[in-house]
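Following are the structures in question.
Below, subunit A partners subunit B and then partners subunit C, in two separate complexes.
And then the complex of A and B:
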């Protein structure tokens, strides 16, 4: 087991290096901040800028320098305010972790419940209804869904609460409030819904089909035949095996989750990583973008690693091959 | 399921005790294509969706024929009027008929969706076929690159690339020693390339797996024994058998591309007037949340939703039609 994990970790390192080099190449080619200066400023300004940021060195050298610094937690400074990049990333990261954490927890729970329910009641009215809803959920553009949900929340407030908001669509806390309380929950509902609606829809489909596969297998029939109760067979024999394919799907979808995060934070003005990314792109802050994409690449590869390990624990046959 | 007689088979006992079929009741043989067509046409939601999508394409591309008003015609006295019998979807801030604007905007949305699917499917299918057929180090290289693209956050990479195009006033530049050479890029064109560049990876895997299975089959071996060249085997024997996987995936890619384009445009990295899409209309109407003008938000999103839903259902119908033994969803 340990050897398997070690092998997977070692395989991840070149993957991470290649991914970060690709990202560095892309950003340094499209974020040539000196191109601005070439168009409308004196040549000296551009030369000084290039000199200061070592832009005249070959990209491989710059990547090396950047990587050595980044490994030590130094992602350079922002172009505009010359603040360390990490000072901007840290608070944003904390806000984001809250949304993503709740999002993954809730979507995994809801999707698995829906999937199991649909599979157990295959071809029932509720199964058709949930399948139809899943098609709707997958086809809903998340950003539009967020805006519409926000609009309905304000309409709802007009009807039931005399115009006072019931669910907030701005930030994570009201001004001057903090901590885990009702105010926090009322801020979280809309963003988490926006982030998860598409994920729940697609995960519940996977869970349904993997559950159907499991439920039609021989050992389930055997378990029923020897007298194990139906709920116990479904949850203990069925669900445990039916969860295995979903683990891989969750890991593969982490990349898509980052995209959904950006949309959610922009729609609901949450000062998290997604907003930071959009602002950095708009302001041409290459160092923030690089730090961001490195963290994203790291997160994605870590999740894939965890999924592989979880997979091998759940299904020992994988390890041998 | 697959072969069905045209009419009820009536068995009659012949004089010598043999079974005879009534005239015209022989089981009819269907070609593969006919079987496919029958299965697809029987998929109810797919058929409805096909009509919906065809209708959508017709009203958008034929907007100059069907739109009730002229494109960009302003009527400032009638600005932000809610839907009425004169303006079915109301009017926007400048008094333009919103239905007309939406129909014209749909052209670019649909075009980007179709072109991205075409480019990325062609690219991906070719790479998958080569990887699966040739094997060896070529397969290794293609598969590793595909693995990498499967886990990248596509939307963010696309946003980064497009912001690069945008930041330089929609210029790309090339550094030639001491000076920069600029050339203009149409942002819609850039979007098609960028989204296609980030959505070919799924089809590679599917086609590769299919080709790996197919090349061991007897008919390929027979073709090779008969002296067929690699090109001929791929063209005549392998690719026709991958057509199901390719078509289904191309359909789903259309849906993904349309949503990606809308999202990028909404985030501000995509299209801008005068060439805009439904995504831009939503972006433009994002401030109407909570106001009476939220209809400006509903309609473009609804069009987007209907289009994506239709495309997904068509994909679903195609999958069932191409793969009669696969799991069925009854619709």
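And then the complex of A and C:
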């Protein structure tokens, strides 16, 4: 398995080189980092900015410089504030990890529960209802759902707390607070709900479909015929195999979530990776975009690997080579 | 049977829950006690001490080194610059307009101006001996001299304009600053005032200012001190105990960063923030029209903003003054402004290319003759040799009067403006194509390089400084020769106006400044160099819990007097 992992990592290096160069080229050629200095500033200011950041150098040279530094762990500085790029990326990454982490945990638990329940009670009223809700959930755009949920939270505050907020929609903590506490939980509910509503809806459909396949298998019937109780058959024999396709989906979605968090992060004012990416792109901050890309790519590769490994653990017939 | 009944009960409960959600999402029955006019103060109330005020901030700065290029952020300056940096001048209401006067916290009175040598005026500032930094070190002339030196000789400076006109800053004693200008400079009151303020020499000397101040700083010469700046999240200010003027009443002020306007309003309604200062976008106007419970608001059209249809005077057929005039007569500006801001009580278009805060130095009726008049359009276009073709579009020498209007993408207000202009110009025989661009490309490349015909955007003045030579003088037209470095993007070139613009920059006599400003406005209107639209009103909204004289200031921003505000206990 170690060789398999090493091979996967090595394969990803040329891919990363091509991706980073492509992105560097596109960002540099499309977004002018000095443009914000063009209005109401002296021309000298803009010229000095361009010189300081080597923006007048050919893009290949600039990429080369970046690459040499990057392999040594130095991702450069931001153009505007001359801060180390990682000082911007690190807190954003941590904020996103929190949202994604809670989102994945809650989504997986709820989606698996709904999927299993729907499969076990196939074609029942509850199955139809959950199926309908799943389609509604899939159709809900996060930017709309987020604001509606926020509005609902405000109404809720009016009903139960005299107008004082029950759930918060600004950031992950109240001013000057931190840590895992009730304040944190009250800040998490709305963004995590916004992030997970579509995920739960789609994952529950995968889980239902997968469970239906498994539950109609011969070995399940055999287990039942041998007198194993229905809950044990479903949870021990059915669920373990029924989880395999969902594990792959989850692993792939985690990577995609890094980029798809923009809306949730903007609506709930969470300075995470999605917001960082959009701001960096708009500001022509190629160094931040590249660091973001590397982290996102690393995340995708890592979670693909984890999916493969989890696959082999869940299904011993699968061997990685 | 039992399980089926339970199922239906659960189904019923779910439907009830959904109905509740929909009810919550539906009508808004909030009582509307939002002021529709310009109620801007609750000044006479007894403001209690203590408590904290949470403010929604739409933006934050890249850095807080105000003199550096990264520090040029209005929000950054309003939140942390105005509240912590000592400044020599304040902008205060003066009749219907605004005036720049000495800040009596820092200076003992108005500077003395000695123009015995009219080519090199000498300005003498007298510093209030009580003025101290937060570490109790007195604010002295050395700090003024240090600030000037850092701006003039520093690298990566935001904008040294004006400071480069200073020849020397001398310190006969600690509390006297003698500033000698190399030539008369009409914008001298913007120096050491709004924007950069005065920097502490004893703290910053020998340091890289970008590094020492970039991520916030733990010193202050204003009523507040920065307790923390968590980027992307919040800025926290606490009172500066050493401040010698009116001390803050609040225990702390928290600015919560929220870039999304819709969510910002929601945060206000959820009582997470008590004050917001949104940009005048359409959805903001809609929200205010819809009503905000327990809130007050102030709309001000006396701003430093001016939005206009800027015309590239060098791009055919706009190089023909008659065509420019015909376009001006084809546009119903009253209708546009009423559509955009009528709900806020702002329904009259600007009649000068100076922003409202410079009205004293402008002819505020210069463009008033340019009203919708299709007969005048026909007369001007026909006189210029144009005739309408089969499609009812003006045509001359095989070329139709077709234009492209550029503006910034993603701005619903400007998109609506473009659509109205398109319709109005079509009625007059002009074909208009709309082209929305990313701001960086528009301001960074296309406008400087003259790659446009018409453009809608705002010029924003951050200090009351007269003169538009940078925008209107022929010498400031960007060209390939000067590497497109000038800021006269409209390629305005009116030979008889240039000397007046240059004189205005070097005239210290305010009466003469006003005369020149009015003359220039009239010349611009006569040449119809561009078409002023609206003043982009400022909108300030605060909860009833906020007490004190809440007010907006077009230069210092909405938080200029935070030290006077409090919150209901």
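Here is the rule we use: the second predicted complex is superposed on the first by the 251 of 321 C-alpha atoms of A that agree within 3 Å, B and C clash if a C-alpha of one lies under 4 Å from a C-alpha of the other, contacts with A are read in each partner's own complex, and residues count from 1 in each chain.
We take it that a contact is a pair of C-beta atoms (placed from the backbone, for glycine too) under 8 Å apart; a residue touches a chain by one contact, two chains touch by 3 or more.
Please read all numbers here as calculations on a predicted model, not as lab measurements.
Enquirer: Contacts for A:139 in the overlay, against subunit B (first) and subunit C (second): which applies, first, second, both or neither?
Expert: After superposition on chain A, A:139 lies in contact with subunit B alone.
Enquirer: Scan A:148 for contacts with subunit B and subunit C and give back first, second, both or neither.
Expert: both
Enquirer: For A:234, select first, second, both or neither according to whether it touches subunit B, subunit C, the two together, or no partner.
Expert: Neither partner.
Enquirer: Tell me which partner A:126 touches in the superposition: subunit B (first), subunit C (second), both or neither.
Expert: second
Enquirer: Quick one: classify A:243 as touching subunit B (first), subunit C (second), both or neither.
Expert: In the superposition, A:243 contacts neither subunit B nor subunit C.
Enquirer: What is the contact status of A:82 with respect to subunit B (first) and subunit C (second): first, second, both, or neither?
Expert: second
Enquirer: Quick check on the superposed pair: does A:45 touch subunit B, subunit C, both, or neither? Answer first, second, both or neither.
Expert: A:45 sits against subunit C, while subunit B stays out of touch.
Enquirer: Who does A:262 touch here: subunit B (first), subunit C (second), both, or neither?
Expert: Only subunit B; A:262 stays clear of subunit C.
Enquirer: Per the contact definition in the header, classify A:112: touching subunit B only (first), subunit C only (second), both, or neither.
Expert: Once the two structures are laid over each other on A, A:112 reaches no partner at all.
Enquirer: Where on subunit A do the contacts from subunit B and from subunit C line up?
Expert: 31-32, 35-36, 38, 147-148, 150-151, 154-155, 169, 266-267, 282, 284
Enquirer: Across the complex, what residues on subunit A touch subunit B?
Expert: On the subunit A side, the touching residues are 15, 18-19, 22-23, 26-27, 29-32, 35-36, 38, 123, 131, 135-136, 138-144, 147-148, 150-151, 154-155, 169, 209, 212, 252, 254-256, 258-259, 262-263, 266-267, 277-278, 281-282, 284, 289, 293, 296-297, 300-301, 304.
Enquirer: Which residues of subunit C touch subunit A in the complex?
Expert: Interface residues on subunit C, with respect to subunit A: 7, 10-11, 14, 21, 24-25, 52, 54, 56, 62-63, 69-70, 72, 155-161, 210, 214-215, 228, 231-234, 236, 254, 256-260, 262-263, 266-267, 269-273, 438-441, 443-445, 447-448, 459-460, 462, 483, 485-487.
Enquirer: Residue numbers of subunit B touching subunit A in their complex, please.
Expert: 147-148, 150-157, 159-161, 163-165, 167-168, 173, 175, 179-180, 255, 259, 262-263, 266-269, 282, 286, 289-290, 294, 297-298, 301, 304-305, 308-309, 312-313, 327, 329-330
Enquirer: Taking the touch rule as given, give the residues of subunit A at its contact with subunit C in the complex, in rising order.
Expert: 31-32, 34-49, 52, 78, 80-83, 88, 91-92, 124-126, 129, 146-148, 150-157, 163-165, 168-171, 175-176, 266-269, 271, 275, 282-284
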